[in-house]
Structure formats: C-alpha cells, structure tokens
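In structure tokens below, several structures.
The two complexes that follow have chain A in common; it is paired with chain B in the first and with chain C in the second.
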Partner chain A sequence: MRLNKIILSFISALAILFSTSVVSLAKVVGDKIVLGAAISLTGKYSSNGVHTQNGYNMAVDRINSMGGVKVGGKTYKFDIIYYDDESNPKRAAQLAERLISQDGVEFMLGPYSSGLTKAIAPVTEKYGVPMVEANGASRSLFTKGYKYLFAVLAPANLYLDVAIDLAVEKNNGKGVSVAMAFEQDAFSQDVRLGVLDAIKRTGSKKVIDDKLPKELNDMAATLVKVKQMKPDVLVVSGHTKGALTAIRQISEMKVDVPMLAMTHCDAAKLSKQHGKNSQYALCASQWHKTLTYKDDFFKDGMTYDADFTKEFGYAPPYQAAESSAALLVFKDAFERANSFDQKKVRDALAATNMQTFYGNIKFAEGGQNVDKPMVLFQVMCDDAGKCENKVVAPTKWASAKLIHPIPSWSKR
Partner chain B sequence: MDFMVFQYPMISVQACLDGVLLGILFALIAYGMALQWGVMNIINIAQGDLVILGGYIAYFMYLYGIHPAWGVIVSPVVMYFVGIAIYKLVINKVVDRDLFISILATFGISILFMQLMNFAFGADVVLANSDYGTTMLFNNNVVLPNSKIFSAFISILFAVCLVIYMKKSKLGRAIRATAQNARAAKILGVDTEKVYAATFGINAALCGVAGALISITFTIHPYMGLPYTIRSFMIVIVAGLGNLPGVAMSGMGLGVFEEFADYILGTEFRIGSVFLLLVLILVYRRFKLSRKREYLK
Partner chain C sequence: MSISKNNLILYIGILTFGIAAPFLFPAFKVQLSILCVLIVLATTWNIQGGEMGYNSFGNILFYGLGMYLCASVQVGMFFPLAEWTESGGEKTFVHTPTQFFQGMAFGLLVAAFVPAIVAGLIGYSILGLRGHYFAICTLGLGVAAGEISGGIEIIGAGQGFTTPPFPDVGSLDSRGEFFYFLSFFVLVLTFITVRGIYSTRFKLILNAIRDNEDKAEAMGIETMKYKIVGWMISAFFCGLAGGIMGGLVGYIDSTDVAFDGREMGVFMVLMAILGGKGTLWGPIIGATVFHIFKEGFWTFFLGWQYVALGVLIVVIVIYFPEGIMGWLREKYPERFGEVVDEKDRKAQVELK
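Here is the complex of A and B:
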C-alpha cells in the first residue's frame, strides 16, 4: 500500500515535470516572435501598468498589420506573453524566471516602474535575455553594468534639471534659490540628484530639501517653509499623489512661488482633477503629442494620440507612448541582427540609432537612451476654465511661451 | 534637525492649529475604534480601509456633480450597512474568541478591502474638490484651508451627537451595558448579538464620515488605509477605552505632535514618529504596570 503511494507520487511528479517542459514555448514559434512581459495589472501600479500594456499591444498590432518583422528573408509577427506581477518586485522577479525558464521566452519587455525593473534586470542579465524597457528611469539601473538592459526613456536625473536651467535663464543667467520636496523612493531620489547637479552647475542654492514619505498626503509643513523662505523655484516629485497633494495645498494655502516644477502631472490628470488651480505648473514629461518626431508606423505624435484614443478610449499618457516605442526598437534590432541569436540581437540593440514618433533612440553604455531630451510642459487654462498642457522647453520643441513668474494668488 | 519652527513664532502657531484640526479628525476615527474595541473586544485592523471606502463614496458623489460635503451624510449611511454586513459575515464568528483571532480576521478583511477597492476604483490617487477657500489669520501669516476647519467642525458635531445618543437612547444604553459586562447584559434581556452588529455598524459609519472628510481635505487611494488604523490604535492606547474626552485630547495631541515632528525631524519621519511614540507609550505603560505589580507583591 505504502509502496503504491510512493510509486504514484513518483509518477505524478514525473508527469508534472514533463507537462511543464512540453508546454514550453520556444522564442520563435512558427511565424511568431514571442516576447515576455511581467506587468502590474493589479496592485498600486495597476493604472500605469495598464497604460504600459496598452502601449505594447498597440505597437504589436500596428507592426503585425504593417508587414511584421523580416528576419532571414522570412516575415514574423510579434506576440507577447503577459503575467500580472501584482505591483510586487518579488513576484516580478519570479515571473521573469518563469517566463525565461518555463515559457522559453528569449526576449523580454520591461515592467512598469523603476522598482520592478530593478527586480527583473538581474534575472534577465543572468540568462542573457535582452530586455527593452520603457518605464524604469532610475539612474541606478544604468550604473550596474548590465549588458542586456536597454531603456527607451531618458533617465530620472534628467527629469527636472531643465526646470532649474529655465529658471536661471529667466533670472538673466544668475543662480536661483530652490526649494525641493521629493518622495523617498528610488525614482524621486534620482530626480533629486539631477536637480542637485543642476543647482551646483548653475551656481544656484537650495533653501529647502524635504523628503516626503511614501504615505504622503499632507505637505503643509513644506509649504509653510516655502512661504517663509520665498524661493525662486519649487520642485516636487512624489508620483501622482505628490503632484495632486502639492497643487491642492498650494492653492488652499495660497503659496506664491515664481516657478513650480513637478513630475507625474500627466498620470495625475492634474488639470482634470484641479482645473484652474493647476494653471502655470511646469511638468516634466518623456513625451508630448506635439513633438515633431516621426516614424513609419505611427507617423507622428498627433497621429499616435488620435489612433490610441480611438482604440482605448482615452488620450495616451507618455507611459503608453514609450511602451509602444520599445516594440519599434525590438523590430529594428531583429531586422538589423537578421537573426534570433540573443547575443546578436543584443549587439544590434546596443547599436540602435533611430527616430520613432516618441523621440530619437540611441543607447549609452549603461543602456539608457541619451538621444532624447525631456520636455517641460506648462498647464495653461483659458477663461472658460479649459486647461491644456503646452510644451515650453526645450525651446526647440516649444509650442507656447513660458509664463513666468507665476502670477500671485491675490491677482488670479 | 530643523528648528525653524521655533525661530518663527507664526510657524509654531500654524503647526499647532494644523495639528489640532487634523487631530480632531483622527479622534473621530479613534472614537469608533474605541467603541467597538470596548464593546466587542476586537481590534479592527481594517479601520483605515473603512475610512478610505467612505472617502470613495464621497468621491463618487463628487464625480457625479454632487458637492462632496453631502458625502458626510450619505457615506455614513452606506457604511453603516457595510459594517453590519461585515459583522454578519465575519466578525460574529470571532467576537468571543481570542484577541489574536480577531486581529487576524480583520487583517484579512483589510487586505480584501484594499484589493477590492483597487479592483473597483483603480489605483489612481483621487480627491474631491470642495472649493471652500482659505481663512487667513494673523496678517496672512497663518493660513487655514476652510476644508480642514469644516472637517474638524463636522467631526465634533458627529462626536457630540454620538455621545448624546449613547447616553439617551435605548440602544446606546444597551451598548454601554454590554461594554461593561456582556454576560450580565444578556441575562438582563439585552440582545447582545444585535448590540454587537449595531456597534460595528456605528463604527463603520464614523469611518464613513471621516473618509468623506479626508477626500475633501487630503487625497485617497486604495492602499492608504493603514496609517489611519495605526493612528487610531495609538490614540485609543493612550486614552483608554470608553474615555471620549481622553480620545479627543490624545487625538489633538497626536495631531500637534505629528506636525511638530514634521517641521523638526522632516516630513519623512512623520509617520515614523507616530510609531516611535507608540512604542514609547507601550514601554512606559508596561513599566508603570510592572511597578504596580511589584508593589502588590
């Protein structure tokens, strides 16, 4: 009886082992190139996770319908296996293992957020799986010497240094005083480092340097200090909640500051939630629909915006646009490598030098995109209260003139 | 360390007023917790999540064009029934059990609520705009958003109504009797099962009010409940059960403490300082108790 049990469990163990290896998908099945992605479809990053997935899907459909990927004289189509990482870094790393060792995926797309990309990168690196990611901007991702990680977006330290340059320019080249409030997470702290570099470079000085907690929903103390110190620029980075909390409390407390620069206004739908109170805020963005970059698949930003809105029912935030760009980069690399050999594809990715609707893409040694500057847009509202984001810097891409200094609350 | 708060007296005034207004709101949540802890001997880890759910109710009213202040009336009504439902489904099975079991059960409810809210409302941070404006004091040196003043006022109003209700009404008396001695109350004809359900419902309703106020004053997000649970736990620990003035005082005290910690230690240590204070108070209480025990020996 006991022996029977042992034999039975042995057989079932073998069966499980075989079943997993049988269902394994190869990297290329028939005419399909299978990419893997762990994405936050539930949990705290689920909104941006969905934007990322929509961006990927949009590009897959577009590339497939426009002829697919040509490798070795044959045409292939993209396909993506998705798993939900539940916004949890540990889960993301497990899923990356699973995608590679069980599903046989040999090329990966990135997850949403720097934290999750950090969790996955060591895994893809270990297996030598090229990963093109579109939503991990933390500088620390690009200083670890990863060979298989490529990011289509500009690193986090470049998000807000443009704002400091702009303030200095408006101050006739003289240094300005800067108040900073940054959340304590990898991304925001990298943004902070970038601002600190800019402060040093321009001879400016920091007057407030507050760190905001993860559970942030009240930054009144920081704003009281801002009222007291009267800095030239206030820089805030604390994801969506940071942007929303800042605007709410700045307007309630009537804090006057000549320039206010933030991140994540796009995801926060700032003007939709706060209307005219969000006016004049400067927001760092990876992409804006009015930029005039072009490619063969999505044409330009305006067309992408229209097509995406038609398909998904909402205007694409930059998280979606950069995710779509990741697929364009993969297609380009496969065709140049003319092979599915991971090393060759990796080398082709490293040599990428192309323009997409999202921006120019060229990778530095560390894998970050060095050919695409960040843009700053300013929230501008008309008298009827309808607000729009208009690009004001860098000057080359500006579609409106920066309003500076911000009019005081008593005059609004 | 930054001692700016002491260099500029107006900042101290600002911190005190902000702290008191915030503390009154915390005290309302804590009062709910103290009530059901006292009556049912249950520590409700899902307290903060009930608050957030209440906030979403006000937010959805705001989305449909109704002023979010009406959420202060609608949210507690809805939350009362949510509370009764939770009681019937889960809490009544753990009410006479070990405290640890109830903590586990409510912890489970907390996780479930977070995920359900995330699923239903999305992971975006949201808020409801009241457009109440601002009150300027001391030559514009101290600013108080009217939404915060409104929150404090409504919290006090609800707390006072509840105290009167507990003193005068039949159910209120039954609740107090059950809190004192459930067995004796049962023998004397009080339907304790009903009392428990009503208590949990009232607690959820108070969370609903607080949530609606938080959506007007701050922001809400499915995963933002825990800090509210911790704060109310801390207030109840300091004040003791069934001590409403104590809850109000320790709520305001905590609010002011948080504000000053924010200015002096930095915003990043705001919640951390609450935890630290909790540990210090627990250690102090233990120390006091052990001295008493020695004395008895």
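Here is the complex of A and C:
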C-alpha cells in the first residue's frame, strides 16, 4: 500500500517541525525579567482583557523608565510574553503550561476573570511558578491552599455586601427585599454568595434570584419580575456585558427600583456609553482615582488616571489599576528577595506589606489581599448630562453623599 | 482483520513514534495529549458524519458528560462532592496518589459507559430524524446540556469544577507523561476499534444508510439498530476523551470546557472534513494538520488567529472539498489501490 509512504513522510515532516520549533527563552535574559501572561484579547472578556493588558504595559513602561528592578546590584527591566486565551479556561490552562514549559517563563501575571485564574492556578502551583494576579476575585481561589498565587484584589464576596448594608441603614436598620440577577460564572456567583451572606446577616429577604447566561445580552425576563415585585434593592453582576445590558434594559423598560447595585460599571464605561440613563447606579469597585493612596511610580490615583487617559485615550477602570499594581508588587518582591530563585521570590511575595497608588497590599495565607477595602461609587450626572463616578461608601473615602432612593423614571 | 506486511511496518512505526514522542519533545506533552484527544473526537465523529451520513453536532454531549462524570467519581469516591465544589468552602481536600489513580481509573470507566448508555437512549428517540433535522436536534443537545449543567450545584454550577490536582509522585514531568500516555492509549484503542469495525459488514451497512437509507431498509437491514450501535461506540470514546481532558485542563466550566460546542463541537466536524470524511486516516490527518495550524496561528498571528483559521477553512472548502485524503486519492488513485483505465478516462474527458 503506497499510502503508507505518504503517511510516513507526513509524520517525519511533523517530527522535524516539532524539533525545530522548541525555543526556550529563559526567564531572565540579559537584563530582562520575562513574565508570562495569558490575556483575553478575544472572546467575551476581551474588553476587560485589554484593560488588564494596558494596566500591565503601563506599569512595565513606568518601572523600566524609572530605573527598573535592582537585583544583586544589577538593574533589570520587565518584559511580558502575552498569549490570547480567547476567554476560554481550557485555552488558559494550556497557555500557562506552554508559557512555563516551552517559553521557560518562571514568573507569571494573572489573566482576566476568576474562571480563567482558576484554570491557570493548578498549573503554576504544580511548577512552583509565583503568580501575581489582579483579576481573579472568586473566594474559591483562596481556599484551595495554593502557595504560589497572590491576588492584589479583595475577594468577590466583598463586592456588593456593603450595598445591602447601605440599603438596610437607609431603611432604619430594618431588613430589605432584594432582587438578584447574576451571570453564571465563577466571579458573579461568588458575588452572589456574598450578597446572600449579607441578606442573612441583616435579616433581609431575597425575592428574586435569577441566573443569567454567559453571553449576557438580555435580562428582560428578570426586569419584568422586578417591575412586579418592587424590591428595595436590585443587584446585578455579570462583568462588562452584564452592566451594559442592565442599564440599557432598565432605561428602556423604565424599571423603578430604589437602589441599583452592580459591578463593572467603570470597565463598561457606563457613564460614557449610557450617560444619564446610568445615573444613580451604585457600583462596587476595587479602586477609585480619588482614593488617597500613594507610591513612587504612579504618585497617586489622580495622576495615574491622567497618565493612563493620556496614553490609552480612556479613563482607567479599576481592572487596569489593579493590573498595574501587580507589577509594583513583583518589583518590590524581587528587590526584597534579591534573587530570582522562585522559592525566595514566593516567600518575599508572601511577606509583602506595601502601599501603592491602588491601595495597601498585604497577603493572607490563602493569597488574597486583606489590607484593601472595597469602595462603592455612584454614577452622578449634572444638568448638562456630564456623568461622573463618585465614591459614596465607605465613609472614610466618600466624596459625595449617596442619593437614595433613586427617583422614578417619570420624575427624571 | 488482516494486516499486510507494509501496514504492520507503518503501525509499528507510528506506535514507536507515539511512545517516544513525549521524550523527544518534552515541552510539547500537553499539546500532544490534546492532539490525541482531538484525533479521537474526529475519528469517532467520522463514524456518524463520514460513514453514516448523519451530521451530528451532539457528540460534544458525550465528551462533556464524560468530563463531569470522571471528575465527580474521582472526587466523590473519597470526599463529599458537595463540599469539594462549594465555592465558599474552607476545607481543602487532597487526594493521595493511590486515591487519585484509583479514582481516575474508576472515573474513566464511568465516563465511558454512561455516555454510551445515554447515546443509546437518546439515539433511540432522535436517530429517526434525518438530514438537517438530525443536525439541528443534536446541536440543541449540546447547548441544553451546557445550560443544565451550569445550574447543578453539586458539580459546581456556574462556579466551575476544579478537578483533583495531580499528586506529588515522580518528577515535574510525570503529570504530563501520565496524561499523554493515557490519551495515547485511548487513541490506540479507538483506532483499533474503528479499524476493526471498518473491516466488517457493519461499515458497509453504515455506508448503505448514508447512500440510501430507504433502500437499505427495503433490503431488510434494521437500520435503526445499526445507527444506535454506531452512536454508542462514538459516545464511548468521546466520554473517555472528555474524562482525560477534564483531568488535563484541571478546571471544568459548563459551557467553555465541558459542553464546548462552539469550539470542540465544531472542531471535530472540521477536522474530519479537512482530512477527508468517510476514510479511516482522514480524520487523523485532519486533526493533526488542524492542531498544528491552530497552534502555529496562535503563536505567529496573535490576535488574528481566528481570521487565519477562517482563511484556512475557506481554502479547504474551495481547494480540498473532499478533504486531504480525497485530494490525494484523486491525485494518486493508484496509491489507493484503484486501477485507472487510461483509455476510459480519456474517453470520458473527450465526452465532456
């Protein structure tokens, strides 16, 4: 059978292809520290993936131009190898494997979203590769006993429980009725658990508990129920698409609810895209430019905001800020470890205790940042229709007073 | 099944290559394991799509089912499954090496047999549909399974399911080697089975169903029986492939990893068509070429990989409508054991 020849030659061609394409870049080449990152450049998380990448790049440029990283008396510069994980956990796990075993990366930056971080963490853990991640907030990441995972952000269950507390406070300490709509993904479901805890704690009751699909383009069914049940609080979480869909349909359907609490408003550029329609929305955020944290590289939140806007043409959402902070953490850890030994760097990371423009960073045993509270901001618009996000809680950082309840659509 | 001397050399060559591959290209173990899984998926899809003429988009159902089943059994055998998947849980469970391998072995068995049974049950009710109706119906199966599993708390619902991490045995490479050999073993098993049934009357019946189902029935063949058995064989191996993939990826998400109809579900069809459906080697060659191209695009056209993939598909459809095997067969018919009557061919050309 002559066909054999074809197949055999095909296999040998394959073998040659494989053997020539093994390129191993060591983690520290010359004066470069090469970090690896799988980022969602396409797929459902692409907009937040780009925020993450911009945040990383901004910090790399800044740190490199301000003297780089000093280890063992030598100056090193950061460099990042990016791959596109297509917003797919399967792909992300493969890419982590590829970054480590093929590209020889010894230090990793996190991807965007909890689901993808959950897929990558077992791989980095296996190889003992320290990973500083800025966008995986699901609590389940921090209860698996991972030793090489460090998150600069507060866990997801803390995102919106403050909102429930606020509503109860406004209701003179009495429990409120809560309508919930959460996307079916690791992050949003964890936000939901946090809200459920808060409902239990405050003696409130849930009246709607809907799960929304992943490609979130329509939540009219939930909103119809909200119109009927008239809850005190409506909580929605579903990344950028969830925020956009919620505002679009709430304004179209003229749904009146005293309090609307969401996530990802700034990443979705809500106030820009929907203007006055997004007014009064209450949003959980890891960071806000008016917070008064400081560091040597980005100075403070306002400066970061201005510099970022200048470079990328839009105001930085917290996803970008926390990503930049991840590099500051790495730099700090490398210098304290004074070595590129993965174990030493890991120990240095665990001992991190620093302030960045983004907030204080100190890791708990499980790897989550315990030294940085969440903030809530509200979208507020002036008469000319110019909208701004203003921090309303916690009181320590508040720059405006919470507007409650939200005026009905007929009076707007 | 008889094996000629030439074939024997070929098989031994491929087997040797397969066993040596992870040591020759140690950095590519994960890609090679995935390649094995892809070949299994394409080859089993070919039983329906190629030989039987039933374009099934539902094989992803068995793959996802196998993935969840294998992981659930692996965890559930030793620990409470609900506590493992609970997101806010504080407890950390660790499998000992024995528990891990025992769980995996038993999990894979369940992952193979349950989907096969499910295929039998579903097949009984929907294999009566033909053509586009069958395709659309099976498309719905995968989508529905993804949404349903995303709502079942005990397997993690929207939070996803972290599969047990590989225990600390041997060196850093042992995980990659374990999953590679496991998937290679399943690939060999699939190949032997498929090659076996392709040399029997069973294949001829499948072909008869493809060519004219009514006529096949009229000739006294119980087509339904053969259609169901064919689908069960596919489901058996799809389930195995899914179980391995779950362990390899380490994290199961309902719609993005398990019931990933948008990617895996489409890829398995694409690979079989690229290689040439209705042939034994076509899906294997198709999967290999597809995987290499995809990995290549991914590295060299970052951000444009799907555009490149799209162009590849267009090129395939225009220049290789019969797949790579079909193209080769047309080009070198004598290598496929076909006798070309030069005179007759010329006569036909002149007629045109």
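Note that the second predicted complex is superposed on the first by the 387 of 412 C-alpha atoms of A that agree within 3 Å, B and C clash if a C-alpha of one lies under 4 Å from a C-alpha of the other, contacts with A are read in each partner's own complex, and residues count from 1 in each chain.
Operating definition for what follows: a contact is a pair of C-beta atoms (placed from the backbone, for glycine too) under 8 Å apart; a residue touches a chain by one contact, two chains touch by 3 or more.
Just so it is clear, the model here is predicted, and its values are computed rather than measured.
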Is A:Pro213 in contact with chain B, with chain C, with both, or with neither (first, second, both, neither)?
both
Answer with first, second, both or neither: which of chain B and chain C does A:Pro122 touch in the superposed model?
second
Could you tell me if A:Leu244 is touching chain B, chain C, both of them or neither one (first, second, both, neither)?
first
Chosen between chain B and chain C, the partner touching more chain A residues is C
Pick one for A:Leu193: touches chain B only (first), chain C only (second), both, or neither.
second
Using the superposition on chain A described above, determine whether A:Tyr45 touches chain B (first), chain C (second), both, or neither.
first
Contacts for A:Gln102 in the overlay, against chain B (first) and chain C (second): which applies, first, second, both or neither?
second
For A:Lys254, decide between first (touching chain B), second (touching chain C), both and neither.
first
Using the touch definition from the top, say if A:Val224 reaches chain B (first), chain C (second), both or neither.
first
Under the stated touch criterion, which partner chain does A:Ser285 make contact with: chain B (first), chain C (second), both, or neither?
neither
Both chain B and chain C touch chain A; at which residues?
42, 87, 184, 211, 213
Would you mind writing out the residues of chain A in touch with chain C in their complex?
1-8, 10-11, 14-15, 17-19, 22, 24, 41-42, 82-84, 87-90, 93-94, 97-98, 101-102, 115, 118-119, 122-123, 125-127, 138-140, 143-145, 157, 182-186, 188-190, 193, 211, 213-214
Touching residues on chain B, where the partner in the complex is chain A:
4, 8, 11, 14-15, 18, 22, 115, 118-119, 122-127, 129, 134, 136, 143, 145, 147, 218-219, 221-224, 226-227, 259, 262-263, 266-272
Listed in rising order, chain A residues that touch chain B in their complex are 42-47, 87, 181, 184, 210-213, 215-222, 224-225, 227-228, 240-241, 244-245, 248-249, 252-254, 267-269, 273-275
In the complex formed with chain A, which residues of chain C make contact?
4, 6-7, 9-10, 13-14, 17, 24-31, 34, 87-92, 94, 147, 150-151, 157-160, 162, 165-166, 172, 175-176, 245, 248-251, 253-257, 260, 263, 281, 285, 288, 292, 298, 302-303, 305-306, 328, 332, 334-337
